[in-house]
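Following this message is one structure expressed as structure tokens.
As written, the chains take the letters A, B and C, and residue 1 is the first residue of each chain.
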Amino acid sequence: MSWLICMILILLVPCAIAGIALINAGLGRSRSAAHAMTSSLCVLAVAALAYFVCGFAWQGYAGPASQAAATGGVRTWSWIASGPFFLRHLELDGPPESLAALFGMLGAALAAMIPLGSGADRWRLGACCVSTGILAGWTFPLFAHWAWGGGWLAQLGANYGLGRGFVDTGGAATIQAVGGVTALSIAWILGARRGKYTRDGMPMAIPGHNSVLVIFGCLLALVGWWGLNSAGAILFNDAAPGQAVIVAINTILSAATSALMAAAITKVRFGKPDASLTANGWIGGLAASSGACLFVAPAEAVVIGAVAGALITFAVEWFELRLRVDDPGGAISAHAVGGLWGVLSVGLFARIPMSESGAAGKLAGGAPGQWLAQLVGIATIIGFVLPLTYGLNWLASRVYAYRVAPEGERQGLDLHELGGGAYPEFIVHNEEFMDR
Amino acid sequence: MSWLICMILILLVPCAIAGIALINAGLGRSRSAAHAMTSSLCVLAVAALAYFVCGFAWQGYAGPASQAAATGGVRTWSWIASGPFFLRHLELDGPPESLAALFGMLGAALAAMIPLGSGADRWRLGACCVSTGILAGWTFPLFAHWAWGGGWLAQLGANYGLGRGFVDTGGAATIQAVGGVTALSIAWILGARRGKYTRDGMPMAIPGHNSVLVIFGCLLALVGWWGLNSAGAILFNDAAPGQAVIVAINTILSAATSALMAAAITKVRFGKPDASLTANGWIGGLAASSGACLFVAPAEAVVIGAVAGALITFAVEWFELRLRVDDPGGAISAHAVGGLWGVLSVGLFARIPMSESGAAGKLAGGAPGQWLAQLVGIATIIGFVLPLTYGLNWLASRVYAYRVAPEGERQGLDLHELGGGAYPEFIVHNEEFMDR
Amino acid sequence: MSWLICMILILLVPCAIAGIALINAGLGRSRSAAHAMTSSLCVLAVAALAYFVCGFAWQGYAGPASQAAATGGVRTWSWIASGPFFLRHLELDGPPESLAALFGMLGAALAAMIPLGSGADRWRLGACCVSTGILAGWTFPLFAHWAWGGGWLAQLGANYGLGRGFVDTGGAATIQAVGGVTALSIAWILGARRGKYTRDGMPMAIPGHNSVLVIFGCLLALVGWWGLNSAGAILFNDAAPGQAVIVAINTILSAATSALMAAAITKVRFGKPDASLTANGWIGGLAASSGACLFVAPAEAVVIGAVAGALITFAVEWFELRLRVDDPGGAISAHAVGGLWGVLSVGLFARIPMSESGAAGKLAGGAPGQWLAQLVGIATIIGFVLPLTYGLNWLASRVYAYRVAPEGERQGLDLHELGGGAYPEFIVHNEEFMDR
């Protein structure tokens, strides 16, 4: 029963994928809009296939039973799963393993959408597919094994007594932060768009071409995140299906506060609230909620969202001004910064029932050492996953050029890569924002 | 089990919120489109927060158990609930109270989207948020307590034998009509858009800027309304979860007939069917279905839809021509008129099992006096909620100007309030529709 | 329980309807976009009403029980059901019959959306409604009775030992192919758009006006197809609700491979991947998955998708170049060709448990004779349904002109039929693509 409810919740996750696709397309240029959407469709397809081929084999699944089995005895660490490829020998008619496979497939696809935001307007379609194959076939499953598949991060609790081990309810680390640091790698490898920075290094504003798509994407993503967070809670945190209610309330409150915080900060600093930063705030609030949504009270979700909104707004500026990273979709800030804050918030706010150690009920200040497990997870994302994903993408970009030719960027990716624009009947500005 | 199904149904409701947001944006001007969507996101956020802070505390929840308890004895009337603020002391892991809180949060947000339609192109973003705070924090919970929370309207059955008391399955009154009369108040307070009426008082047509968004919003809203109506039926009318089937069939048939009726009437009167009135007819049919969808046969849902379509088409003209109310989104007609007709239709068509009085089975002509309970509800909306919401918004507009400066309206709300347009790369008409 | 899960899955189906509506609108011209969306809404409305009035009466439902009862004894063939009209005498509170009615209503509506793609830019709104009435009120229910309602195609197993009789899990034949051959009929009856073919018969490319809508529609349709395929599996193939997991995985893998195959083929043949053919590939992969999704392993779903993508890409060219059929939305190729391939794939790949004959477990090569039952089904679609739907639509077009007047086509259907455009504020090309 519980698993059937979880199954239905997973079926809502594509709303998050479609939402992020719209946000990425809307925050890019009109002359790359068809390319952004086609890339999204291809990335979803490649992610599903790569995860099917080898991703789940390396991720694996540690249900309550197997986790309990691993608890006893010596300190063994699990670094990678070694299931059969092609989802063979997996009963696909509803047991939790099969749900973890479906959830992971969509999680990998969602993570792979995130770099499309930071690589917008200059990342070749074929290169998106190559990078997605790496992410969904290797990097994502590896970290997912550690966090969700009974790997060493999850074992921190049993082996070292750090709370219940690394907790990542809906993928704040596994989906959002892994996708977000990949987005950062892609933005570094590609470099800034032509004209984004003036000769003296000042960033120019290049507004997204369609805010309606962006904010509609935010609204749609909410439903997908409800699916992510509640299905993850049931699959990986022994939540009862009815706890999807608290997850849903915490998710929407976190997103709401984060969006309002971003709107308020931009209003105070620039005189007017900024639509795209408000949207980034909303998505960042969703990403942050994926950490602790099962284990906090609604009032704490509001605090988590407020901090997320502030962090993201400043992170967008920091990446653009200080680090000279050109991230058209704000993907790095919303997903990596928002996600990592969500991971940390588990250590700060979560009250996790210590079911494994037999202690019933809730602990007031969270499981002891939980914050340390979360910090280890964050350090792993920044210290290991980021170099790994950067390195693999850098290698791939040596073999298969990631960035479109300058002529293609000027012309727009639609014409250059697809041979036709997204809006062939509409008249758009010839004026380059970048040449002002 | 029943509650888990209800929970999943509630998770579909944001489709209605996103659909209404698209309809409002599409029926407005292109130079206010980013503002319309940003307002929608902020209104959703403020509504969720306000409802979380105090809304549910004042709404409360009267489940089957507590309602039965209130049946016996003296005539006591419940005017307002007084639960703890911030959703404290509420078990949020699946019991009906927690579902009512999640449902109410989304209902408040949906109600708050409705005035955005009537205030389009001239309502300031901050003022939208203030008004939403009033609606979701006070007006909506107050009426929701009366209708859904065991308040005096619901008690009309037990106390005065008026059927089962006021029945509002999916929020025809509580969400649609409360939101609709608030939309009317906002339109009154703001006044008409510049150029909407000529000097001799003739209304000019100002077409919406994107019909595709509008009708896509209608299609999406269907799924959301299925969630609304069926979850409301389970939560507030003791429906078995399987009855979501009849609810779904009645909902789609009502919307279908209403849209076709609106198309037919505009075709007969103006020679061509009107796309935006057909869309308004669809939404009005959905709003009307929220009243009686659990208690009528599909053939009766068709009749309810047909009447709704006719009412709405004439109401749009009546508000525009006679009352000089400028309602760009047709929100007042679709939601207030459609919703109130849905409330009345319960009295005319519903066959409500008299479970409370012990009489099993269905009564042919509805519970005795049910129509009177519905009329009391309608009178409360028009005679109490409308003045209340008008008064509160009028007061708020004295403190914080609701209408944008004339310069901002000319320029478009996007540039004036957000500093950037929704479609910065597209070339749009300079020609003012209003200056013809 | 199983039926409640099935009910929820059905509620996801409108995502497919909305997705197809967006694809049709996006692949048409901007001057017909409001018409395309208004037609979609009206077609959904007419389909729901026609199916409610008489469609389900003629379709009927043969649940596991009645099917088992029909197995014994003489060879009786069921040609049509004769239930009461207007869904009377149907318990609409959750039993499988009521779910079949809701599923069929949405299936009829989805089938009716398909011809809108092939008739885009020249099919009158009233004629769309007439044609939908025929399809949803007669043609669709007739074939649905045969395939799903215990009719002669389903009886091929019991009567002639052809496997389990014709199997069509999610509507590859009943929805996609029936809709697809209707689309072919409509394209034949309407003829090509003005300027689609030069005087010497060469087809001109007329690009769709909005690729973003098209590909977003693809993403949204995935959720709808999950609903279709898994609910159909439960309703018509005795699937356990948990098998929705394998259905979901097979559906997404089939669509993914098909889209990538279409992208790869167009890349190899034309130098650049084509966005709209990739989208058609995705939809065709979804249509193909509807056949065998319950009965194949994920690796086989990948093969089914790969073949679908290749078939569809060549079919689009074949219809346009060889048959001179002008199909703006690629609806015939994606739905008819994709759907029929899906039907055939059941015979080639499916391992269907022979529950009826008492043999438990799975047979390696599919039920004996299953492929013959599938071929009979395909022959019925091509040899009977296509002439039937062509004939009925041809007759209707004699009474009520299907094609818009040449003036209206030049002007755009929006202005001609609705009196207003979809995007009245945007400036679009005057240049005719067709006049180049």
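Just so it is clear, contacts are C-beta pairs under 8 Å (C-beta built on N, C-alpha and C of every residue); 3 or more make two chains touch, one makes a residue touch a chain.
Every value quoted in this text rests on a predicted model; they were computed, and no experiment measured them.
Enquirer: Looking at subunit A with subunit B, do both copies bring the same residues to the contact (over half shared) or different ones?
Expert: Both copies touch with mostly different residues.
Enquirer: So subunit A and subunit C are the same sequence; what rotation in degrees superposes their CA atoms, nearest 5?
Expert: Best-fit rotation on C-alpha atoms: 120 degrees.
Enquirer: Round to the nearest whole Å and give the separation of the Cα centres of subunit A and subunit B.
Expert: Those two chain centres are 34 Å apart.
Enquirer: Which residues belonging to subunit C are in contact with no fewer than two other chains?
Expert: In subunit C, 1, 8, 12, 210, 423, 426-427 touch at least two other chains.
Enquirer: Help me check something: in the complex, which residues belonging to subunit B touch subunit A?
Expert: So the residues of subunit B touching subunit A come out as 1, 3-4, 7-8, 10-12, 14-15, 17-18, 21-22, 25, 33-35, 37-38, 40-42, 44-46, 48-49, 52, 86-88, 92-95, 98-99, 101-102, 105, 125, 210, 213, 414, 417-427.
Enquirer: Provide the residue numbers of subunit A that touch subunit B in the complex, in ascending order.
Expert: Those residues of subunit A that touch subunit B are 1, 5, 8-9, 12, 29-30, 207-212, 214-216, 218-220, 222-223, 226-227, 240-246, 248-249, 252-253, 255-257, 259-260, 263, 270-275, 278-279, 282, 297-299, 302, 423, 426-429, 433.
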